[in-house]
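Both complexes below contain chain A, partnered by chain B and then by chain C.
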Partner chain A sequence: MSDKVKKMQEIAREILEKGEAKVVIGWEKGTHWYLSPPAFIDKPEEVERLVWDDFCHNNLSKYLKDYVNHEGKVAIFVKGCDSRAFNRLLQDKQIERDKVILIGIPCHGLKDQDKAKELGENADIPKAKKCVECRYPNPLVYDYFIGEEKALDEVAAASEARDFSDVEAIETLSPDEKYEFWNKQYERCLRCYACRNVCPACSCRECIFDQTRVGWIGKANNASENQFFALTRAMHVAGLCIECGECERVCPMNIPIMLLNKKLIKDINLLFGPYDAGVDVDGKLPLGHFDKNDPEEFM
Partner chain B sequence: MKTVLKTKLPELFEKLANNYTVFVPAKIEGISRFAPYQNGLELALEENVLMPPKDIFFPQTEKMYKFKAKDQYLEIEDLPPEEGQQVIFGVRSCDLKSIDCLDQVFLTKGFVDAFYQDKRDRSILIGLSCVKPMENCFCSSMGVDPQKGVGADIQAYDLGDKVGFEAITEKGRELLGKIETLLVEEAASVPAVEKFVLTADIEGVPEKLKNMFDHPIWDDICRKCLNCSVCAFVCPTCHCFDIASEVRGEDGTKIRCWDTCMFDEYTRMAGGHQPRPGKKERVRNRFMHKLRYFPERYDMLLCTGCGRCVAKCPVNLDITAVIRKIKEAE
Partner chain C sequence: MSVKEAQANWEPKILVFACNWCTYAGADLAGLSRLQYPPNVRVLRVPCSGRVNPQFVIRAFQRGIDGVLVAGCHPGDCHYVTGNYFTRRRYLLMQRLLQYVGVDPERFQARWISGSEGPKFQQVVKEITEQIRAMGPNRKLRDAQ
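Then we have the complex of A and B:
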């Protein structure tokens, strides 16, 4: 067992024994060695289930919405992206800071589960796509901290080298080619809503896609409804996406969802200045306020 | 046994495609599923496909009829019937069993679903045996024989570089006759199935669940669930649907679409009441339906051990783990 896992279990045990929180949300080993799904620990004697390894992909801040009316505190482990998700929920007043105990854990970059399955346990498994471009491996907010922060110059270097080449490749296509590309992707969308349900930015009390009586979206699965879903989902998380990449990881149809999210991030950076969601809790949201200097070519 | 080299399968499909729509396991845009055979299609015969054959009989969106409504006047128009026989090649035992489950729902107990029945009657099923279970397969634990499925018209056997055929029904014999010139009669033995990575001990679970509706186990099992519908939409047996209308002016189409007990709308009632308001109620329903209610009504499990939900669940809510927890519960 690594020192980090030992420390994790120690902190969780302490929190539960002292009664500081009723539940600790972390990760545990799943069906296979390359799966580390969320774990909910209620008792000190269960802390040994907790792990920290290359596959702790799930963004645990998503679960905080389930504990809004929970009595007492909830403790969760946060990687960099989980902490940004936490900040986002806090900024939207979806959760209360003093009801959550955050245990920060710097992330070394997680590994690709599909590749792990394919290559086997002893192989050199590449990083998950979502982690390759990560610029915030260190938790930005925490009450406890485990391990050492990733060197800041390394993080800064990653920021410098921000890579939008995948978005640019699509931008150079003609409108017809773009349409064809995205139609092909979303034609196979099952509308299982896993991307929405795993997304920490998707925190509406009632999602537009569930307002079936209003009929924003039809029940049918076809190109037109799927496109409406794809565009609306992307626009609704614009300015809120913290780039944890969970939507794309969980998509059973391998739709490159982050490409849409990244396009919107790129546009926001261009129109309103560089912005990273969930970093500065007190700052204003680029699409959440009006500034006299905002571009308004469309007027 | 009549055999053919795997490399010659496209030729065989080509020949059948003259008279039938031939669904084969294929990889399209990176996703494996059953697709009508056409030249150049990338076959996916090494492993079972991600999307089960369910949608051939029970499409995700099915048009039922058209209507015209104006003032007091209503006119209903049937859609033109679909015609032609279809062959579905390469249905694994788990998926053959799932078609058996769907048959129970859509064809028995005095309820016959005309849309399902029509597609089913026009279909000839060719099963395909498995040699190496995939990492999430546990069909043998659910009473399914990976080497020989139920309800196939022809059972095909994976013989390594060849595929062997055994006609089961008259329809199957007739079909084999049509491709006889491509087949070779030779002695062949079906390879033994390799060891399963995943297993489940289902013995006594349906009975035990009868007294577990209010068991605290559900409070724990449900917590990580996101209430998405990956599990239901990749499941070969999940068959819930919702009927809706697409209306433009006076014209409308009735459609029925896959639905799932994971969704809020599924049980939301006209007055707004929600009898299954949260994760607990919905997750419980999913497993109760698969492991208790369906066995009670039809005397068979509504899980065939295909492992698709285990492979695709975003939070690894593994049904074999749920079965284990039910077994261990006090």
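Then we have the complex of A and C:
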């Protein structure tokens, strides 16, 4: 057991024994060695379940929404991306800062679960795509802190090497090729809405896709309705996406959802200036305000 | 009418979201001035171009519209002071996203047309109709029915 895990369990035990929080949300070892699902610990003797390894992908901040009406505090572990998700929910006034105890863990970059399953336990498993491109490995906000912050020059190097080549590759295709590509992807969509459920940017009280009687979207599962879903979801998280890549990870059909999100992030940066969601809680959202000097293309 | 005949007689269907205070007045002026423009456009009056939800646009394509124009007051002239600034941000993004998923750029356009710009309304509608006519019916994002 590594020092970090020991420290995690120690802090969790302390919090539960003192009664500072009613529940601690962390990760535990799942059915397979390459799975580390979330763990909800409410008894001090159960803290041994907590782990921290290469597969703690789940973004725990979204679970805070389930505890909005609970009395007492909730403690959660946050990686860099989780802390951005926390800021995101805070910015939308979905949760209260004083009701949450944050335990920050700097993230070393997690490994790809699908590749791990394929290659086996002893192989050299590559990092998950979102982690290769990660620019915020250190938690931005925390009450407790475990381990050492990742060196800033390493982080700076990652920001400079920001990679939109996958988006650009699609941009260069002809309209028909693009349409064929996306049609193929979204033909597979089951509309299980897992991508929405897991998304820290999706926090509407009633989601548009659940308003079946209004008729925004049909019940039929066909390419047209699925594309409506894809485009609408992408537009709804425009300017809110924190690039945690959870939508893509949970997709049972392996649809490259982040390609849509990254396209919007790229355009927002290009059109309205550099912006990273979930970094500044008091900042304005890109689509929530305007600048009189925005690019003018509609004359 | 047979399928072949229907294809031969195909006329583009174009939906114009016109803001009540500028573009709708502009279209009205075009009519009052007896300016001829193609009858392929369906003008849909909205209180402000900011009212036009991106979902309306996708829905239009789903249900058989061949081209969409969103038109409103020039920036700075909005009846509600800032509505069209938000529209501008939203549709700068939306336009790029639609192109990214393969919708031809001509099929979705946005323009600022003021209440005194009757001739501009005529010209924009003519232009778009010609572009869409040259491209043929829209098959993308279409509902199968």
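As a convention for this text, the second predicted complex is superposed on the first by the 297 of 299 C-alpha atoms of A that agree within 3 Å, B and C clash if a C-alpha of one lies under 4 Å from a C-alpha of the other, contacts with A are read in each partner's own complex, and residues count from 1 in each chain.
Heads up, the rule we're going with is that a residue touches a chain if its C-beta (ideal position, glycine included) is under 8 Å from a C-beta of that chain, and two chains touch if they have at least 3 such contacts.
All figures in this text were calculated on a predicted structure; none of them were measured in a lab.
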First (chain B), second (chain C), both or neither touched by A:P252: first
Touched partner set for A:V279, first chain B, second chain C, both or neither: neither
Chain B versus chain C as contact partner of A:N222, first or second or both or neither: both
Partner chain(s) touched by A:T232 [first = chain B, second = chain C, both, neither]: second
Chain B versus chain C as contact partner of A:I101, first or second or both or neither: neither
Chain B versus chain C as contact partner of A:L119, first or second or both or neither: neither
Which superposed partner A:V5 touches (first chain B, second chain C, both, neither): neither
Shared contact residues on chain A - chain B and chain C: 218, 222
Sites on chain A touched by chain C in the complex: 170-171, 175-183, 208, 216, 218, 222, 224-225, 227-228, 230-232, 234-235, 238, 260, 263-264, 267-268, 271-272, 286-287, 290-292, 294-299
For the chain C and chain A complex, residues of the former touching the latter: 54-55, 58-59, 62, 75-76, 82, 85-86, 88-105, 110-112, 140-144
Footprint of chain B on chain A - complex, ascending: 30-32, 35, 37-40, 58, 62-63, 66, 117, 184-185, 188, 190, 192-194, 196-198, 210, 212, 218-222, 246, 249-250, 252-254
Contact set on chain B toward chain A in their complex: 28-31, 50, 60-61, 135-136, 198, 220, 223-224, 226-230, 232-234, 242, 244, 246, 255, 257-258, 263-265, 279, 310, 312, 314-318, 320-321
